[in-house]
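If you scroll down you'll find the structure; I have some questions about it.
We just call them A, B, C and D in the order they show up, numbering each chain from 1.
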């Protein structure tokens, strides 16, 4: 018997899960609130550690969408439970009966302007990691004009209780180092400084990325969090931090500062939680049934979770979770049938 | 600089400031440093703006200096503050305004502490009762006196005799605003405009026609720092912080500095003299320093008060060049005249910084 | 026998004569230069050695053995040895016999350089005598010998492996000209003498050639073109000689007495160094010897190229090579002329300027007994210096202490609470003065202790204690020797197990101090000793050597791998070494367990 | 000039704007490993001379990278060049050559 699976969120997790669920013989219905599938990935340029093009990854992911119903520019209006079914109403007026729902709603990028001291939206030459990827994609950002000194601030809105995110966003260190190398390739004469608290290059080949950044690209790493940024009379950025390894304050004037905005819980999480009964952790991410053993199941029957909705993840981890979720949904249907 | 970005932040940090009926407490040191300021404040709010500002001779120090110099335990400091609040309530007020930033910071801190640790509040209530037989009642609104001037900045602007405009060039005066650290750095939401881009003084400058200078070390402490200044051996450190600020603002050629803290104007004013005597360096035009004012003094000048009535003769850095720019009339001979036109002693002129 | 021409001269001798004069002048200038550049006290040493019959005897023996017979090469590879000695000795004999002929038959022409060389052209045979036939026979015989050598040389150029050489040096253009002219000389001589053999006489080689020519030409003896060609080949060879590797032929003649007089390299390219530089035959033995040649790029850092760069005065390149060298000393040991490769490089390192000097005054400020209780050891006690590495390889010093304790030997640790470095690393970096400062401090500690025996467990430290510390009256002993001695005396008893050990000769201990046997003897007491692929003086550096200043971690890693492969040729259960640095280096990469010598002894000691 | 009994205290701030890294660039050309340090501190922890003095290669290298060579270079004077730091360095930095190169390029 064919069953409907509603997948909310058309990022990498949603797309991959939809394909797998289809392969298991069910009917996936994928909705994405934005105009195009791909989520944050669609806005990125290249991925660490090897600089793989996101365009290629996305093309591969969406190459085979046959048998998947998908809607873009579509959001959820309501979800109601009817015995073993969920009835969901979409913003485009469509109503769907689903046997299971997969939340692949991902994360929200931390709004960098919340870290007022870094002056995003106030100083002309402060951009975010996402802005920089946009620049890599389009080659166009009025704030980036042949910079001679470039800074990368790690952990913007991550590991920062005052910014509301205690957790590490996991991907920013590697992203920053990747972006630093890319900037050095574009601007070989630029001096580039990365300000980090701990450099978490945890994955395979990430350390190579770091080593390359040091040895091949000559990128300088400063262990210390940027405390404040101001503009000097020429409109350049005066950046202050402590060089904790030297045990001294450090000041540097820069032409461009890139803020590595972290992964915040999706801003719609509280609303979804109240609609569906999914448990939300105190950090704002959804809690799976068991972090170790059942990472893709929620506490509500028939509702599943995949990707960054349960915490910061890399793309491969997200895709694996999507596959795991598809399998868990299939198992759920099998058990129901028995 | 993206002005809209700042405006957005300012709009995020708005503070409710009631119009009227305030219990006013003075600062311990400001009366010595800038005796004209508090008088001018009360005169402005009572007589120009017709507001009810009550003060009692029974209020004491908040204990801030001793507390920050680690000479006073926290509970003692809190009991002193509880007594101030009790005084306010006894006189039928619920809006508390203080003249001192240190006090403001401490009041904010204490109220936050009591909010977080209600047991502590109960304990202090008991202490207060045991020691003074007074009943603690917390204020409904807490403000710093600069919040009040900020609130009425447009009314003041409407009655302005002089604006912060260079009358020779017609250009706005370039004004450095310096906010006391304890105004909003500890509790950004308690200050107008937050901690990173406070608006309390910038708002006054905007309203009165000046141009705010945003220089790299704008956020930096004046260097007072209690223990740094109080111990002579540490004074070089205190001065170095002021020096850092002046070095940073120098390229912007500021005409004046406005502050809202007791220590900052004093140190930024006096250290200019010491720096000049030690290094020969001055930061104003033609060998003068950059005059440093309290916001009350500036409000007074804008409203047309006599500069010597505002106590500007007690500044180390000569204020006359600025008065000339603003078009403020003053009588040179009256500068060092005290009460009843009695000539006070003339100070000696320093070697390296020009004075009038 | 009579002269064919009254003048005793032909124009074709000119190329040879000019070349010869050029070479002689060049060598004379060189000789003077070397002698002037040598330090005064060294020069006196040389002069004294020349009247010392013992040294003079050695000089003569070496001249014959090294210059003519190439005994060392014979030992290395018979074909290679034959090739070299056939050319050198054969040619030498041709010259000698040529002169004998001249002196016998035309003594008045004896003063002419060219006469013995072109003897057959200028002479006509009138009657056959036994003596003449013998001489002619000898001449042809040695020509044949030389020719056989030349043929081997040509083969070697293309198939060096046949002579036990995996690699040969890359020749410069002049080297090639020299080489080809050298190859050409003897066949041309054969042809030239073949033309005149009908008149000038000949033997079994030249006469048959003459028959061939005579069958084509009516009067082949008047065909001087062959003689011109011969002379030109000789002249060319001599003209290029000073600029080619063949300069080693005359240079080595000078080098031998200097070396035997005990002269050492002091400056990178002057004096004795100059003699060494020119004595290098570019044979390329060092190419295979050098551990760095495990990388193709490393070949450029071998001694032969170092010599070449120094001769070219390419200072930056020479310095780069000098800094790269591991100072393992293997090339010197295998070098047919014993070039002191490490000393040459060290001399260059020593001349590098440093803006930041060293200041070890903090050592003098240490309170007495800060380092250890070694201040007054005295008596028969052993003073044990573990060395700075001991904190990274604590097993070594612990094992040594266990063995000493078991043997009932009273000892004190010299560097219990901190080590003053032995100075060898500084010395190897060319910072002699700084090294001396540390050595003085250590000497002070050792002397003050009053101990009669200084036991050292680090091969690097041992070498400098032995070579450069002047510790008269104190026996400096390496633990391999000491433990073997204890075992031989029965002071310690050892278990023998069924384990196969291979022993790695640390460069500093083996080639550096000549200790090869003691550790091996001791190891056979505790297990089976299997040989490494190459060992003893041919052992391959572990790659960790302090000698190299610039080798990268990756380059070192490849050397280490190579060295381990060599050690595990006979599938041992354990690699044993007697240097903490070798152990540390090997154990990073070895699949076979690497243990220190002391550890092996300590494990097998019967308590 | 008046003696007030106190003077301006020099700033301890590392001013990268004023840093002249040309010598550091020379150092990197001579010993590229200078860029590889990840500040783990193994070198200083195992230093033979570090038992007796404050010498700390990690800090020295960092100070050079920040253009504050004047601060700590003197520490290298106590180095015995024993090479233990090379043995322990997880990044395989050729510390001895690094030190020698620093001593060659920089001046105190």
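Everything that follows uses one rule, which is that a contact is a pair of C-beta atoms (placed from the backbone, for glycine too) under 8 Å apart; a residue touches a chain by one contact, two chains touch by 3 or more.
Here the structure is a predicted model, which means the values were calculated and not measured.
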item: Chain nearest the global centroid, as defined over all protein CA atoms shown; value: D
item: Farthest chain (mean CA position) relative to chain D; value: B
item: Best-connected chain pair, where connection means C-beta pairs in contact; value: C-D
item: Approximate Å spacing (C-alpha centroids) for the pair chain C, chain D; value: 40
item: Inter-chain centre distance, chain B versus chain D - centres from mean C-alpha coordinates, in Å; value: 45
item: Centre distance in Å when chain B and chain C are each reduced to the mean of their C-alpha atoms; value: 85
item: Distance between the centres, which are taken as Cα means, of chain C and chain A, whole angstrom; value: 65
item: Overlap residues in chain D, where contacts from two or more other chains coincide; value: 33, 91
item: Complete list of chain pairs which touch one another; value: A-B, A-D, B-D, C-D
item: Chain D residues touching chain C - in the complex, by the definition given at the top; value: 31, 33, 46, 48-49, 51-53, 73, 76-84, 87-88, 91-94, 96-97, 100, 102-108
item: Chain D contact footprint on chain C (complex, rising order); value: 323, 352-360, 362-363, 366, 388-389, 391-392, 417-421, 423, 425-426, 429, 431, 434, 438, 544, 546, 549-554, 581, 584
item: Residue ranges of chain A touching chain B (in the complex, touch as defined); value: 113, 116-117, 119-124, 228, 230-233, 235, 238
item: Parts of chain D lying in touch with chain B, wherever the complex brings them together; value: 1-2, 4-9, 11
item: Contacting residues of chain A [partner chain D, same complex]; value: 191, 193, 199, 210-211, 214-215, 218, 220-221, 223, 243, 245-246, 248-253
